[in-house]
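Two complexes follow with chain A in common, the first pairing it with chain B and the second with chain C.
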Partner chain A sequence: MKIYQIAYKNLFGKKVRSTLTIIGIALSAWVLASLIGFNRGYESSLSRDIDNMGFQIILTAKGCPYEAATLMLKGGTGLKYLPEKVASDIASDKEVKRLSTMLMQAVFDPNKGESGGIMAYQGVDPANYPQMKTYLKFKQGKWFKNQTAYEAVLGYEAAELEQREVGDKILIPGKNIELTVVGILQRSGTQDDGTIFIPVKTVQKIFGMEGKITGVGIQVNQGVDMAKFEEKLYKLPDVQVVSMAQVKQTILNLVSTARVMVLSIAVIAIIISMVGVINTILMSVYERFREIGILKSMGAMPRDIFFMIWIETVILCSIGGLIGNTIAYVLSKITGIIVRSILPYAPTGDLVSIDPGLIITTSLTIIVIGFLSGIYPAFKAARIRPIESIRKED
Partner chain B sequence: MPGENIALKASKISKIYKRGIEEIPAVNGVSLEIQSGEFVSFIGPSGSGKTTLINILGCLDNPTSGKLVIAGREIFSSGKFFSESALTRIRREYFGYIFQNFHLIPTLSVYENVAVPLTFFRKKDVSDADIEKLLEILGLGKRMRHLPGQLSGGEMQRVAIARALVNKPLILLADEPTGNLDSQRSGDIGNILKELNRKEGITMILVTHNPQLAKLGDRIVEMRDGNIV
Partner chain C sequence: MKQIFLSLIIILAYNGTTFAATGCDLNDPDRDVRRLFPGSTGYKTDYVSIDKKGGEKLLSVVEQKLGDRFSGLYETIDVPYTIYTIFRGKQKVGYIHGVNQKGKYGGIQVFLVLNMKGTIMNFYYQKLTGRSASRLRTAAFGKQFVGLSLADFMQYDPVSGKAKGRVAVIRNHAPDAENDFKATLRGVKKNLILMNVFVYGNN
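Our next item is the complex of A and B:
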């Protein structure tokens, strides 16, 4: 017999108690891994969404820059319009690598869903936009033939929703205008998946918005001093300059504030689990007061008893941690979907990012917690004197 | 028959418990010798100090004063206090214990319960085969894989006896070993202890309220008010 076998058999012999304790630890591990995974997933998804916009600066009509940025991220329309001239004025600047005018328009489609819905169209510059969003790959077809073509390129999800293929037509509700689908994009994991792209000139013509745009996406040349360039843009009248780097930093700062809260919750979960483990093991020690006393009368040294009780705690925490982390890993997609349904805005991609590295870290954390939680009950058990347990018998 | 060597010699052992400023003497300067291979029964009414004395003789507790020598080795001498670890080292070298409640580990089989002391300490001449041999001697050969919950009270006490003997102790200390058993099973346990003493030459110290059981001893020591009478 080895000491760990005595510990293991004791835990195995008390199935209900051990199982309940393991469930408690597993839940804590699950919460811990999911919270950290969410924090990481949210940050990286948000970061990627902003980076994938393909441009570093957006110009919109004057207004709240964050509102404008949020609307852009969510694929919505800007609140106000800019004259198209703004884009042509800055297109020749040496700092500008390329730019794309954008015009978002939305119409109510009574045939969408059960009670109708909003259809949104993104007008883009066919010459520059594809080069700014090089990560967009085609599943079928290609970009538009020319600036004024009555053609549309559908994002992966938009194509699925509309059930269209290349060569099919899509009707713009209320306008009685049909566009030919010339391309369907592969899934990109970004907002572009749900977008219907149309040449900007065509959108202007269809919606009677000639000379108007909702925004300009600007890609700058490498090595450009962004601060100086932005400074120059600020001088443009009635134009709001939105630097994506600033937006990203601001949002990530907000997220890092939320991270403190998330980690606080994780710490509380850990403390609750620790108290539960200490309580369970301590109860077991008190129940086995006489048994431990007899073991000591038979030659068990205090360190043997300490090790026996400690190992019980570590076994419980290791099993609980492993189960909890496995659940967190397996259910991370579902957790992400649930969290997404609760949040008012969530970036695209995996919201809960749990990788083997995180699993190892959280598992080790739970095992360390097991080591720490076991110290006090093991110390109490090691101090039991056989004479006290025998007296208790009388 | 008592052996020629002295297994245990106690000189003027006293134990005084303190309750606040009040001092309660439990054992008053008791001296006695137990020969190797001797079977000594301790009797006396509750509170007579017999269990306290036996606990000191069995190195489960320190005396307040007095001297104790086991197999020629001086254990306690006046003013010398032993830590729990030091007492444990002495106990596992010389003693086996049986108590009124058997205190078997419920999650371990009969065989494993008997093997438990070897987890912590194993004398050089003790092997795993000794466990089976002991269980056979005690009539538990067919119960080795059973859990304590599947045994009768008498069987459980026999397992406890095997556990106490597995490390081949010099002295077996039995404190009310039949307190939880009916008269027939008490007789069986008494006979087992007597046989072990007679055949294996184990020094036996028995504390009991049962006069029939006490009579199995080569000598009966009666205690009253912390003294041997």
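Our next item is the complex of A and C:
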């Protein structure tokens, strides 16, 4: 009989104990994979959200830049209004590739839900906005005909909620104004999916906001010194410059701080399971004191005994790791939904990103932990002397 | 061992990213269920789609009963419908179910509160956009549906908009919103048919 067969039989003989140990390891692996997956998913979703905005700099009226950026990301309304002149003043700057003025407006719709709800509209520049958001593809129709068209382009989720197709009408509650739907966007997995786009001039006219905007999205030319350009923009009066690179970096720094805590939790979970594994295997060694002694008296070398115990540990950790990682992968979407419901701000897309690479990494980590955990019990078993073991049992 | 691997592959394959159609959920189920079904003490949520329940064959059954084809970008076979099963204590006392229906200016969300026999106990527009929406959202308009069932709505033809029997006496409180009124009746009929094939047909 080979060593690994003996190890397998030993584990199989103590079903309850082995199962409980495997559950402990599986839970640790689940926590480890989910936490690392969340860290990766959050970072990549946030980066994608910011990159997909299509511009590197946003100008808003003076206020907290991060609050403003968050509001933009969440599709909310701006804090204050800017004069439209700000955009025309910088449009001819050599650093500017293109820019889009934006005006967000929200109205109360009394016929939404039990007690009413908010409908939001995003005014954009029809000449530039589509070129800045090249990733937006149409499921039906196209962008607006002109700057002042009474037309709307709907993100897929907005269109689905409103059951709109090209040619249908939408009505702005409280304003009694009809717009024709000219385009339905494909799903992009970004905040644009839930947005109703209208030409900025039309939004200004409908809401009586002529000459006012809530923001300017700026796409800069390649090779532009961003720091210098931002410095230049800071000199504009009453204008807040929000650099998407800065926002991204700041949020990612916060996420990195959180990562330390997250990994600490994972390490604690792993240490707990490691102690559990050592305890289980050590108990098993003490219980089989005599058996090991007999094996040795029959010619088994200390190295054989060491490997037998070591293999037991590795089998437990491998099975636990595999189960835990599978659970983490299968439940990653549900975990993402739960985390999203808890977080005050979560980017779009998958919040928990678990791919085969991560599964292999965490599985190997758990196996390595198995190897480490098994050293002490295996060493103890290997040092058992046959005479002592038989005498002790007597 | 082979079976374990096979199961694992199936589980992993199903976990891929898919974008399915969106259904019609209550905005705030805890609050809405209590309000729509007074005396209820709890609810259970189930998601059902024609696709998973019976596929194309079931779709044709639904369309035949409806007297109209499913059409447009969003009225598709894979729309997940949310069925709220209502409990009073441990006893199942009814259901709440909503559907999306295309209206003139936006999506109409028509929710019906049904007893265990499939009779309408309450009617709720969760969403309706239009100049006369407030007149259709009155309690008086909704009350006209109370007591009706699928048997009554089988006498309504959504294509011609003609009705017989008890559905014919439902009065449009907003004559200038005839499209939305007819869309509502179609939505109610579709709702009852879906509940019939998803729930009552199986009882």
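Heads up, the rule we're going with is that the second predicted complex is superposed on the first by the 392 of 394 C-alpha atoms of A that agree within 3 Å, B and C clash if a C-alpha of one lies under 4 Å from a C-alpha of the other, contacts with A are read in each partner's own complex, and residues count from 1 in each chain.
In this text, a residue touches a chain if its C-beta (ideal position, glycine included) is under 8 Å from a C-beta of that chain, and two chains touch if they have at least 3 such contacts.
Worth saying up front: this structure is predicted, and the values here are computed from it rather than measured.
Colleague: After the chain A overlay, clash or fit between chain B and chain C?
Modeller: With chain A aligned, chain B clears chain C, so fit.
Colleague: Give one of first, second, both or neither to describe whether A:Leu27 is in contact with chain B, with chain C, with both, or with none.
Modeller: In the superposition, A:Leu27 contacts neither chain B nor chain C.
Colleague: State whether A:Arg164 touches chain B only (first), chain C only (second), both chains, or neither.
Modeller: After superposing on A, A:Arg164 lies in contact with chain C but is clear of chain B.
Colleague: Of the two partner chains, chain B (first) and chain C (second), which one does A:Lys333 touch, if any: first, second, both, or neither?
Modeller: Once the two structures are laid over each other on A, A:Lys333 reaches chain C alone.
Colleague: When the two structures are overlaid on chain A, which partner does A:Leu295 contact: first (chain B), second (chain C), both, or neither?
Modeller: first
Colleague: Considering only the touch criterion stated at the top, classify A:Leu351 as touching first (chain B), second (chain C), both, or neither.
Modeller: In the superposed model, A:Leu351 contacts neither chain B nor chain C.
Colleague: Does the superposition put A:Phe12 against chain B (first), chain C (second), both, or neither?
Modeller: It touches chain B, and chain C stays clear.
Colleague: Touching A:Asn111 in the superposition: chain B (first), chain C (second), both, neither?
Modeller: In the superposition, A:Asn111 touches chain C alone.
Colleague: What is the contact status of A:Val203 with respect to chain B (first) and chain C (second): first, second, both, or neither?
Modeller: It touches nothing on chain B or chain C.
Colleague: For the combined three-chain view, what is the angle at the C-alpha centre of chain A formed with the C-alpha centres of chain B and chain C, to the nearest 10°?
Modeller: 110
Colleague: Chain B and chain C, closest CA-CA distance after overlay, in Å?
Modeller: After superposing on chain A, chain B and chain C come no closer than 21 Å at C-alpha.
Colleague: List the residues of chain A that touch chain B in one complex and chain C in the other.
Modeller: Touching chain B in the first complex and chain C in the second, no residue of chain A appears in both lists.
Colleague: Any idea which chain A residues touch chain C in the complex?
Modeller: So the residues of chain A touching chain C come out as 109-114, 117, 139-140, 157, 159-165, 168-171, 173, 176, 178, 184, 187, 326, 329-330, 332-333, 350.
Colleague: Along chain B, where are the residues that touch chain A in the complex?
Modeller: Residue list for chain B touching chain A: 51, 55, 60-61, 84-85, 88-89, 91-92, 97, 99-101, 103, 105-108, 112, 115-121, 163-164, 167, 175.
Colleague: Within the complex, which stretch of chain A touches chain B?
Modeller: Those residues of chain A that touch chain B are 1-3, 6, 9-10, 12-14, 290-291, 294-302, 304, 383, 385-387, 390, 393-394.
Colleague: If we count contacts the way the header does, which residues on chain C are in touch with chain A in the complex?
Modeller: Per the stated touch rule, the residues are 8, 11-12, 15, 17, 19, 21-22, 27-28, 31-32, 35, 72-74, 100-108, 125-131, 133-134, 137.
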